[in-house]
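Please find the structures below.
Heads up, the next two complexes both have chain A, just with different partners, chain B and then chain C.
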Partner chain A sequence: MDTFLQVTAYGLLQGGLLALVAVGFSLVWGIMNIVNLSHGAFVILGAYIAWEVQGWFGLDPFLGMFVSAIVLFCVGYVIQRYLINLIVNGPVFITLLLTFGINMALIQGMNLVFTADFRSIQTSYGSNSFEIGNIRIPLVRLLAFLLAIVITFALVAFVKRTRTGISIMATGMDRGAARLMGIRARHVYALTFAISAALAGMAGTMIATIETFDPSKAGKFTLMAFVVAVLGGLGNMYGALVGGLLIGLVEAWAGQYLSGTWVNGIAFLVLILVLIFRPNGLVGKAFYAARVEI
Partner chain B sequence: MKKTPRTSAAIIAASCLAVFGINAIPAASAADVVTITLGASVPLTGSLAKEGLLTKEGYQFCQEKVNALSTATIGGKQKKIDIVYQDDTSKPDVAAQNLSKFNDKGIKLILSSYGSANVNAQAAVVELNKQTMVDSGGADDAIFNKGYTRTFNVMSPASEYATSMVKAISEMAKPKPVTMAFLSADDGFSKTVTLGGMKAATALGFTVIGPQYFPNATSDVSAALNKIKADKPDVILGSVHFVEGVAMIKQAKELGITPKSFAQTVAPPILDFATTLGPLAENVLGSSQWSSVVKGQEKYFGKASNYASEFLARFGHEATYHNAEASAACLAMVLAIEKTKSADADKIKTALSALDVQSFFGRIKFDSTGQNTFKPMVVIQIQKGKIITVWPRAIAQAKMIWPYVK
Partner chain C sequence: MTTMNKGIQGLKGKGSQRTMLEGALVLIVIALALVIRTKLPGGELRAVSTIFMFIALSQAWNIIGGFTGYASFGQVVFFGMGGYFTAVVMLKFHFSFWLALPLAGVFAAVFAALIGQPLLKLKGHYFAIATLGVAEGMREVVINLPDLTGGGAGISVPIAGTFAKTQYLGDAGFYLLFLGLALFAVGIGTLVSRNKFGYGLRAIHQNEDAAAAVGINTVRSKVMAYSLSAFITGVVGASYVFQQVTIFPERLFDVEITVLMIMMVVIGGSGTVVGPLLGAIGLQFISEYLREHFTNVHTFILAAIIILAVILIPQGAVNYFREGRRTKDYSLLANIRRYRL
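Take a look at the complex of A and B:
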């Protein structure tokens, strides 16, 4: 029983990390209807920024993640406003191509600047854990999990209770109507993309503190974010959290009872089953997957 | 600028100098030089970019040394080698396609990619195209069990990776541990490593636990660790790549798993292992294809220690075994070219089959399957942040620290 509880606890914490990676991706997809294939590259860029900040100034990653977030907010804003915005009315295939291109450029840029060496942010508490009964809880994973929850609730509060947040939701629901109401859609889209990139930066900092990273890991995080967003569903800010926790748990339980790559197979089997029985994801809203932009 | 007759004359004169002057020297020497082109498809991007770059450095270093020092001639002309590179993006299908592109350009002599999956795909194409390849990056025994005759691997086979550490622990660990748990990534190379290690451990009287497999390239090996936690093994032996290796050490600490020793393939000899893990890397054992104290020498690189110091001066970082095995593969190809005095792939294949040389990389000699089963591996240990050779005893730089996990 202890082993099962240990596995479950670890799976939940891993799920929190996945949710943290996916929340920004889900936001952009849900609001802007753009599948951002460069999201994983933003995560890795955030990891490098926090790693550099720690190297230069000795800043703890839990402070460094705010630096990552600010830098990536600016990067995200500029990329959306002056690049993606050019084709935002185009077919989804074109946005996929463009974000894929941005992804390639970012990865190769990071390869050139940081090399392909494996990196990790070292802290004195990085592998510390504490016990609850016979269950060990890793400290940094717990903090990342809590961060995912805080960010999700903060995002919900932001879009429901602030004027900017409401304008983001309005633009996501009907861009044409939002424009008629005086909302500057271009700015709102850029803001949304910037927030997503900032969240990716924070996630990257946590990844760098928990595990190793290098530019080639970008694709893995984009795929993770995609799976979690689909599983959780679009149009609901809690979607990424729900999807992340479910994938984390399924992978942990599958790993306990199955071997090797079967673990990945089970995770994707769950995704397929959810899509069969709940095509809009676990907590998603049908409107967001089916809307047509004007 | 207004052109005067004088400036025009100067420009013409400079142009003549540039065209005739610069070309005149190579034209004279080009007549005396024959350049043999080798093709190398290496992963410069993607998940194996780090190892791919190290492999490319090893090939580059070899080219520079050979071209600077070689006095061998072919048909009365001085021999030079030129290695052309293609990025295979860490994907086996691209690695194989690149060899066909080389073949279309008439390049028949190949230096391999990095990673058993890539080399496995390449070996089939090499056979099809009647090219000849020296392998520096794919050690899986499975590559050489298919009857291929044109691929030659300078490295010790995969089955030796874990076996060498099991032997080292058996010989040097006092008190001798009793139980040994095997954790492994589930790719072909890692499984071959694990099965070889388990066989050796059983033969040497250890109680074997596992194997427990986890997905290749995962950063979460907690499930495999949880499965062996209750057994409290004395040694956890991981057949891992870098990412899994780091995850294993970190997550074992998180989960409170404290064996007397961790031993891992591939990851600890990479310089990033110690820098990434810091104190947690201390005293982890690793198996390596090469270290700077390996015995043997030849005319291009001298001894292993010469290779290490000259490589450091050239590239600004310590040579890893990835660098050395790439240089060794290139060296084997060069020696075969010199032996045959030709660039004919069939003749070079025959020469490689008969090659037997003591080099900075140790003995290079191929058995009937094309594997170098004549070179032992070394076991290293991270001691005070440095990679120290601790086995075989004859070349050990320091004693193995044992037991060490508190």
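Take a look at the complex of A and C:
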């Protein structure tokens, strides 16, 4: 029983991180109907930036992640405004190919600049942990988990309560009408993508404090973001949180009780089944299905 | 009446003239390919064989992605399954390669028909992501069945000794095999492009509801297109495995193979037969050239080419020049205006 509780706790903590990786991806897919294949590269880039910042200035990763977020915000804004906006109305495989090209360029760039060695961000409190009953909770994982929850709620508040956030939602619902109301769709799209990239950067920093990273891990995070976003329902930010926790739990349990790497296979099976039977996600409603794009 | 008859005869005459011209062109190309074979050293033979392989793959993707408009982002799954089928039956059941080859295609086609029933109901990104999920998931299945597939450690096809029913073909042999596959795939592409089935697929691409309304069985057409494309991909995968001898799941289910197929179709011109053909030759040639001369940054340049091509000629080179000839407008800015926000 203790093992089960321990595994469950780990799964939940890992799930929070997955949710943070996926929430931005889900936002971009939901608002702009773009599947961003370079999302995982943003995550890894965020990790490298925080790693460099710690190396140069000795800045703690929990502060360094804001540097990552700011840099990636700018990178994301430029990529959407000057590249993706140019083909937003194209067929599916055009947008997929463009983001895949960006992904290739980013990963190769990171390979050249940082080499393909494994890295991780070390902190003085990195190995601390505490126990509740018989369950051991590592401090850094708990902090990262709490942060993921706070950021998700902050994002929801931003989108629902601020003028900018509401303009993002409006553009996602009906771009033509939003433009007629004086919303600059190009800017709003770029802003949405920038926010998504910034969140990916924060998630990357958190991941770097917990496990090792290198450029080749980007694909794994992109795929995880798919699975979580589809499970939660596109553009549904609470959905991403639920989806992330669910996948975290499933992964932890499968890792404990199944042999080999069946875990990943199960994640993809869940993805395909959800796509076929509940394409709006487990907690989503048919909100984006009815949107109009002009 | 007579003028009309003359008109029809004129059309027919033009058609048969065109067919003859194309036949002559194909014969010249085959003759050239056979002459080249005797002149090239081994390494170059392998490089040209790879070009042939990608011609076949891009033609296969074009049937489902180009004609039908379903962006199969997990096409590599048929490549991998055809390949693993061949490796397993040759190693465990001592099949000859020539028997395994068509069976691998059938295996991939049947698999495509099974997953196609539910998946082809999905549209746009959902179909793309679901097929990607199938490919990634299937790789995990292969890794986790080590008794059958060798798992992550890989599997080797017998090419010599008592269990080897088929001797290894060698560089020149594989050159011929892949040339044959490329011709086969281009032939199938041409056939699909010109018959009723192909026009049905194009109709589905443009408007699926309207296509159903004029009497096209959309479900059956889509599944058939998917299976046909899977058959070609599976056969190519089988040949690739025999050429490589030892194979690993990471390589055989590599998403980059899918992306290359799509790139070749898109750069060349999707929905045409010539487009993917030229796209495959051009991109593979550029890629090899870059790998040789700019080893460190070749992925970088390739990524830049992908990004620029997708933005500047999203409809593909062949369609770009066709439209340009019709409208007398070769402006790249007009291309950007088409899809931008």
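We adopt the following convention: the second predicted complex is superposed on the first by the 279 of 294 C-alpha atoms of A that agree within 3 Å, B and C clash if a C-alpha of one lies under 4 Å from a C-alpha of the other, contacts with A are read in each partner's own complex, and residues count from 1 in each chain.
In the analysis below, a contact is a pair of C-beta atoms (placed from the backbone, for glycine too) under 8 Å apart; a residue touches a chain by one contact, two chains touch by 3 or more.
For clarity, every value in this text was computed on a predicted model and none was experimentally measured.
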item	value
Fit-or-clash call for chain B and chain C when the two complexes are aligned on chain A	clash
First (chain B), second (chain C), both or neither touched by A:F100	second
Contacts of A:L59 with chain B and chain C, given as first, second, both or neither	neither
Which of chain B and chain C A:L142 touches, first, second, both or neither	neither
Touching partner for A:N264 - first (chain B), second (chain C), both, neither	both
Which superposed partner A:A116 touches (first chain B, second chain C, both, neither)	first
Chain B versus chain C as contact partner of A:T212, first or second or both or neither	first
First (chain B), second (chain C), both or neither touched by A:V156	neither
Partner chain(s) touched by A:Q108 [first = chain B, second = chain C, both, neither]	both
Stretch of chain C penetrating chain B in the combined three-chain arrangement, among 1-9, 19-27 or 37-45	37-45
Chain B and chain C footprints on chain A, overlapping residues	108, 260-261, 264
Contacting residues of chain B [partner chain A, same complex]	45-50, 52-53, 90, 185-186, 212-216, 219-220, 222-224, 226-227, 229-230, 242-243, 246-247, 250-251, 253-256, 270, 272, 276-278, 280
Chain A to chain C touching residues, read off their complex	29, 33, 35, 83, 85-94, 96-98, 100-102, 104-105, 108-109, 112, 185-186, 189, 219, 223, 226-227, 230, 260-262, 264-265, 268-269, 271-272, 275-276, 279
Footprint of chain A on chain C - complex, ascending	65, 69, 71, 73, 118-119, 121-122, 124-126, 128-130, 132-134, 136-137, 140-141, 143-144, 255, 259, 262-263, 266, 270, 296-297, 299-300, 302-304, 306-307, 310-311, 314, 336, 338-341
Complex contacts: residues of chain A adjacent to chain B	3, 6-7, 10, 14, 107-108, 111, 115-120, 122, 126-129, 131, 136, 138, 141, 210-212, 214-217, 251-252, 255-256, 259-261, 263-264
